[in-house]
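In the two complexes that follow, chain A is the common piece, with chain B as its partner first and chain C second.
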Partner chain A sequence: MATTAINLTARDFKGKSDPDWCPGCGDFGVLNSIQRAVAELGFRPHEIMTVSGIGCSSNLPGYINTYGMHTLHGRSLPMATGVKMANHEMNVIVVGGDGDGYGIGGNHFTHTARRNTDLTYVVMNNQIYGLTTGQISPTSSIGMATKSTPFGNVEQPINPVTSAIMNGATFVARAYSGDVRHLSGIIQQAVRHKGFSIIDVFSPCVTFNLNNTHDFFKERIKKLEDEEHNISDWKTACEKAMLFGDTIYTGVFYEGERPSLEDVEPVLKTGGPLSFRELGLGKDEAHKIITGMM
Partner chain B sequence: MGLGTYDFALAIGGEAGQGIATPGDILARIIVRRGLHLSTYNAYQSIVRGGHIFLTMRISDAEVENHGDKLDLLMCLNQDTMDRHQRLMGPGTRIVYNSDSISPGTEDMGAELCGLPVAELTQSRNRLVQNTVGMAAVAFLMGIDFSVLEDSLTLRFQRRGQEMVDENVGVAKAGYEYAREHFKPFEQIPPDGGKPLAVWSGNEAMAMGGAAAGVKFYAAYPMSPATGVLHWMAANARNLGIMVRQVEDEIGVANMVVGAAQAGTRSLCATSGGGFALMTESIGAAAMMEIPVAFINVMRAGPSTGVPTKTEQGDLWQCLGASQGDFERIIVAPSNCLDAFNTMAEVFNLTDKYQCPAIILSDLYISEGRFSVDPDKIDMHPNIDRGELITKPSDTEGYIRYKLTDSGISPRALPGLEGYVHLAATDEHDEDSTLISDEFTNPHKRRAMVEKRARKFDNILKDIAPPLLEGPVDADVTLVGWGSTDGIINEAAAALTADGISTNRLQIKWMVPFHGEEIMDILSKAKRTIIIENNFSGQFARYMRSETGFSATGHIRKYDGEPFMPHHIVDGVKAQVNGDTDKYVPYQEITV
Partner chain C sequence: MATVTTKLYQEPKEELISGSEAIGIACALADVDVITAYPIRPYDTVMQYVSRLKADGAFDFDYIIAESEHSQFEIVKHASSVGARTFTGSSGVGWFYAFEAITVTAGLRMPVVAMVGNRALDDPGAFGVEHNDAMAVRDLGWHLYWVATAQEALDMALIAYKVAEDPRVLLPFALSCDGSFLTHSQAIVQVPSQDQVDKFLPAYNRGSLQLHPDNPITVAPQANEDWLMEIRKQTDEAMRRTPAVIKEVYAEFKEVFGRGDDSPFIEQYMCEDADVILVGMGTLAMPTRVAVRRMRETGKKVGFLRVKFFRPFPTEELQEALKGAKGIAVIDRDYSYGSPGYGGVLFHELRSTMYPLDERPVMLNFIAGLGGREVMVSDVEEMVETTQKAIDTGKIDQETTWVAVRE
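Presenting the complex of A and B:
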């Protein structure tokens, strides 16, 4: 659906409101990266739907000039799946935080990956609950002291990258919001990828997470593309994704090919998007139903 | 008492896995092809094998919307059925059973015992063969020609090969002939109703109604007693161009249908109370984002897991309060199967026009009951009105999604169209979708938006039919019911009037919005009002009191999991007219 006749820039995707994020928040970099990516891909605003859940990062659809849904906490993926199924010609980008996606929405994360629905999911992972003023999230490190864990977190964090691969996502990447050029490039790849693509983005919370700061990541991040990495090798991808010490990898960990949900859904084979089809039953169809009851 | 000249009820009992559904289905088809009406109620438990299944089928030449008060014929597939129900079968009735494995008990109330030596008759070791032999004996006793049964068996089994047909027709013949030689048939034979009828369940009716109304997206998580909607949708999806998704949980279901509805399809889901509890947050989301979408809640006996296979009208307040916040949603409780079908198109037109969520409140009794219907009454091409929906792109700018209007309705554009880019948000928002919830909350804008959404509901009442009083205006007793009890109360009112207690009735279908004034006009003139509900606490009585200030004279409530039978209501009214009680709880005679 990309139209190349009109060249839009990231500025054309600026939304009506300005972000209400804290100065220095990692999410600015994610917003910029998405705007840049969709502009460079040649999209126009009405061709995209941005869907989010609830949380600081989930305010993003208000700051971008595309169709948008700002939905319920943890429910962006099923909401976006509904949108995509009803109009599979739309490019649906899902955004949200780690609590939204991996905590309260964890069940949907698993099943959306399994279905391989053609969605691009950008998770702004700050390893903390920010909007509720600082409690542990499903990605918080062991030992982290927060308002809900004053004596330190004792729970093992989830690994979004390995989880996504194991559950069947076909494009799995990690990025850092401080590197807009890199992130924007990955988002472009993810949008182009047919199937469920997820990018777990380290997007530091400068207010409530004083452990996983911009400096923390800058010191540790190594890009997978700077060394040899075979993106079709899911086992090595998982091994590299498990590292969270002196070295933390970013980049595309895994890309595979598998039919997406729209591809295997017979009702979408012909006839265009469901949402634009004629309603009501044909005479023959109706007759067949009635005679089947007699 | 029945409403026609022929009124016959038979029951088939056995354990799950014994194949009760097949003879039940074959008999039902024979009956409706003859142009006779039927109403079936299947009492069962949450078990795949074992337990006690009891299928009651009532047949009449008049329309029947309940399974009646009596049994004429009992077919026992196991000893347990004989032991439980022999005591219900008095003189003039018949009990059909396999005499190889089942013996009559000591509670002989005078029924004619029709034992069938199945092994001798069939020489077959197939344990399902007793069902066909029994069904043939039933057909003989009822006065149905063997050729009719033969045709039905052929139709039923032909897909599984000629051998299967021959075996079934062969053993049926043996059973039919044995019955002819040994048993006395019923005197009254079923009349020929003329025009063949169709048979459906409430779940099928709602699924069909949705399809006819233009539903293109259906999602579900299986849950009794709502699963029948999913099964119909799944079986018909490809032919009708409907997408059907089985989703990981009801939260996912509800959010998927809301998402699909926002993208522009008519979207539907169905569940029971437990699943509905998980869906409720999405109902508020649909209300806030002003998305038209419909949820079916098929009530079963609660709370919690409750009695999954039993009926109740216990979820009214759950629906009234579904989701946090102060907002309205349409709630409608159809009166019967055909009404449930027609309600679907009506609801989708309303949700599209008023851009709000709607709940269809059914229950196990009509959803899983099977009823005859005149096929000509099923309008598969209902009027479809999508309200103020923008479906074509525009090159002008300045579209405002939640524009403040006098009616509260703002034109809705299908996402994907050029010129209408907008945000739908569950946060409170301004008319142009700007959030007024976080950075700058604005009390005046908040008030305007609350009032805008509420204003839409000022007008819905004008679009829906108020309830009508049936029967003499000056009756001594006025029966008030809601939802699926319609057909039962109708028959009870007729019986009471025949017994000298002049009775009229008011059945209420639309819960929200509520015709408070119209209802008060009627009830304020009533001499004695009795509210009838399939629940313990009188959910509807309390709701109506909260809406109108009206308190009824008395109540009849049933909450044992089984539906009302007409005589339960007749007895309850008589007890109240006698001054014995003002809250009557009937005793359930048939225990399953």
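Presenting the complex of A and C:
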């Protein structure tokens, strides 16, 4: 963690351009929470890398003053894995939406959790494809009418929390973007956690999802920390995560410990981050390697 | 298989609709069984329109909103193998993400009909039209057709099924539609009645190639050097047979619906005595025709030729239509980096087409309208002037020109 004489605030992490999100979009709360979390953790902008895919929420790296990459649809996690492998001292925060992360990029979600790569993944889950103006996503509720399902969605939605736990993620949380203080606290825990941490954030799309609104969540949300919950008990965590009715839990569902990808990768055991290492290859040696391959 | 619950069009009707809606209606009239979708602009306009038809009970089909374009194309390919009539599509990089499935669809000879809502490829992220996305299938065994109007989108979707599903052909069909200019713009379209369409378009029948428990066959086995060349040759033979089938189907279409051009492959506009012929594809036909008309009024002998089928490429028709011209100005809404002489794809295909002729006209290439930039009438006039100058001087200063580009 950085030690710095100057205390930075969330404002110091404000990007140069303003968000193009609709007024009232849940993503503003997520952006604020990330900025506040990294400031409170004492980081400086160059110590954070924000990586995203494609979608409304994936525009976030443009609005935050850190290193950033806005990558391909669904590919934020493999890209972030590459960043982490190249410089495992970098704090990598991955952001994106539910369509990007659980739909077209769903396979990467599974495998990043399995590898337990030390990334913090913040998913802005609005249960709809917003950038393309309102089609069902992998988290849309059954029966939901959208432009692609005027007859109502017939497909069972994915449960990101239980999926993440089952696939091996070691920090799994859920939050609501309307509660910045709570979300920011969870992001801080997630960034500090060593291993793959995922926070599924309800981030309402006020334009295209008129079912899962701010009011919808405010009426239903209960915080796990307000009652007894053992975060090392994955079974109860899954049971509580399955509830999506009158009660919807937020908070840290599960935290466990096992080696992360950087811990088990032999190349990274000594010598520091790859990106800072000398190649140490003379002209003759390089020539020898190239001829050997011909 | 799905059946139309309500006949959408008992009688022919005039509708004010977009190109995407026209294709959606064609799907309903063709009684498509399986449609797959994944949201991406501008393909999502068709996606939404067929959703509405389904919700209204006007068109019944199995509708799968896939989790990615790759799955979208995989689903229709397999549905096609069991005898379902299928429709899908995408745009730009979404189309590229599906490419593994796209190439296999042609390799397996599945007559899937797909709409490519032409969109610029990333990077940079852009929504506007560019033709490089659809062009990518040109070597794979797909039919590739460039649509210019909403009417043509509807008509060609119906023709596409009949051609693609013909047992002599069995190759997929891509309908290329310029993003925004065609997909989102409304125009008056003559929608035929269901009875007319039923008369024209028979049910899809794969015959002995249909996967069915009563017809146990293997589809897509591994074949290496022992059989691969023969399989490729068969696809080539199918592609060589398709022009005759297209002509036949187009003639039938004209008879049933009372619409259609002289040729299914190319459209000629004031080309007869033209010294300079402009060649292009898709919606840029409109400003180009206007420019040609204006220049004709001032006595310039100019014409416009629209290439409709890019695959199969109408080689002989083009040789015949262009051989009398002194100069040809090819407008490409695409580009091929590092290609021979550095130019657009249509230009290269045309130059290759003209090469065997004894007397070859002067050929110039104009790269225009990329990323949805408008091609203006004045741009077209300038192209003609440049070409005329090359004819007059017998000298080509610059073969390829990027039109209206900031330096």
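Keep this in mind: the second predicted complex is superposed on the first by the 277 of 294 C-alpha atoms of A that agree within 3 Å, B and C clash if a C-alpha of one lies under 4 Å from a C-alpha of the other, contacts with A are read in each partner's own complex, and residues count from 1 in each chain.
We adopt the following convention: a contact is a pair of C-beta atoms (placed from the backbone, for glycine too) under 8 Å apart; a residue touches a chain by one contact, two chains touch by 3 or more.
Since this is a predicted model, take the numbers as computed values, not measurements.
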Could you look at A:Met90 and tell me whether it touches chain B, chain C, both or neither (first, second, both, neither)? first
Looking at the overlay, what does A:His46 touch: chain B (first), chain C (second), both, or neither? first
Per the contact definition in the header, classify A:Lys16: touching chain B only (first), chain C only (second), both, or neither. first
For A:Lys147, is the partner it touches chain B (first), chain C (second), both, or none of the two (neither)? second
Mind working out whether A:Leu72 is in touch with chain B, chain C, both or neither, as first, second, both or neither? both
Considering only the contact definition stated at the top, list the common interface residues of chain A for chain B and chain C. 54, 72
Report the residues of chain A in contact with chain C in the complex, numbered from low to high. 54, 72-74, 99, 103-104, 106, 129, 132-133, 135-136, 138, 147-151, 155
Given the complex with chain A, which residues does chain B contribute to the contact? 29, 32-33, 196-200, 204, 208, 211-214, 216-217, 219, 236-243, 245, 247-249, 251-253, 255-267, 281-282, 285, 289, 373, 375, 378, 380-381, 384, 386, 391, 393, 414-427, 432-435, 438-439
Provide the residue numbers of chain A that touch chain B in the complex, in ascending order. 15-17, 20, 44-47, 49, 51, 54, 59, 61-62, 65-72, 75, 78-83, 85-87, 89-90, 107-108, 110-111, 265-268, 271, 273-277, 279-281, 283, 285-286, 288-290, 293-294
Chain A-touching residues of chain C, taken from the complex the two chains share: 37-41, 44, 47-48, 51-52, 54-56, 65, 67-69, 93-94, 97, 122, 125
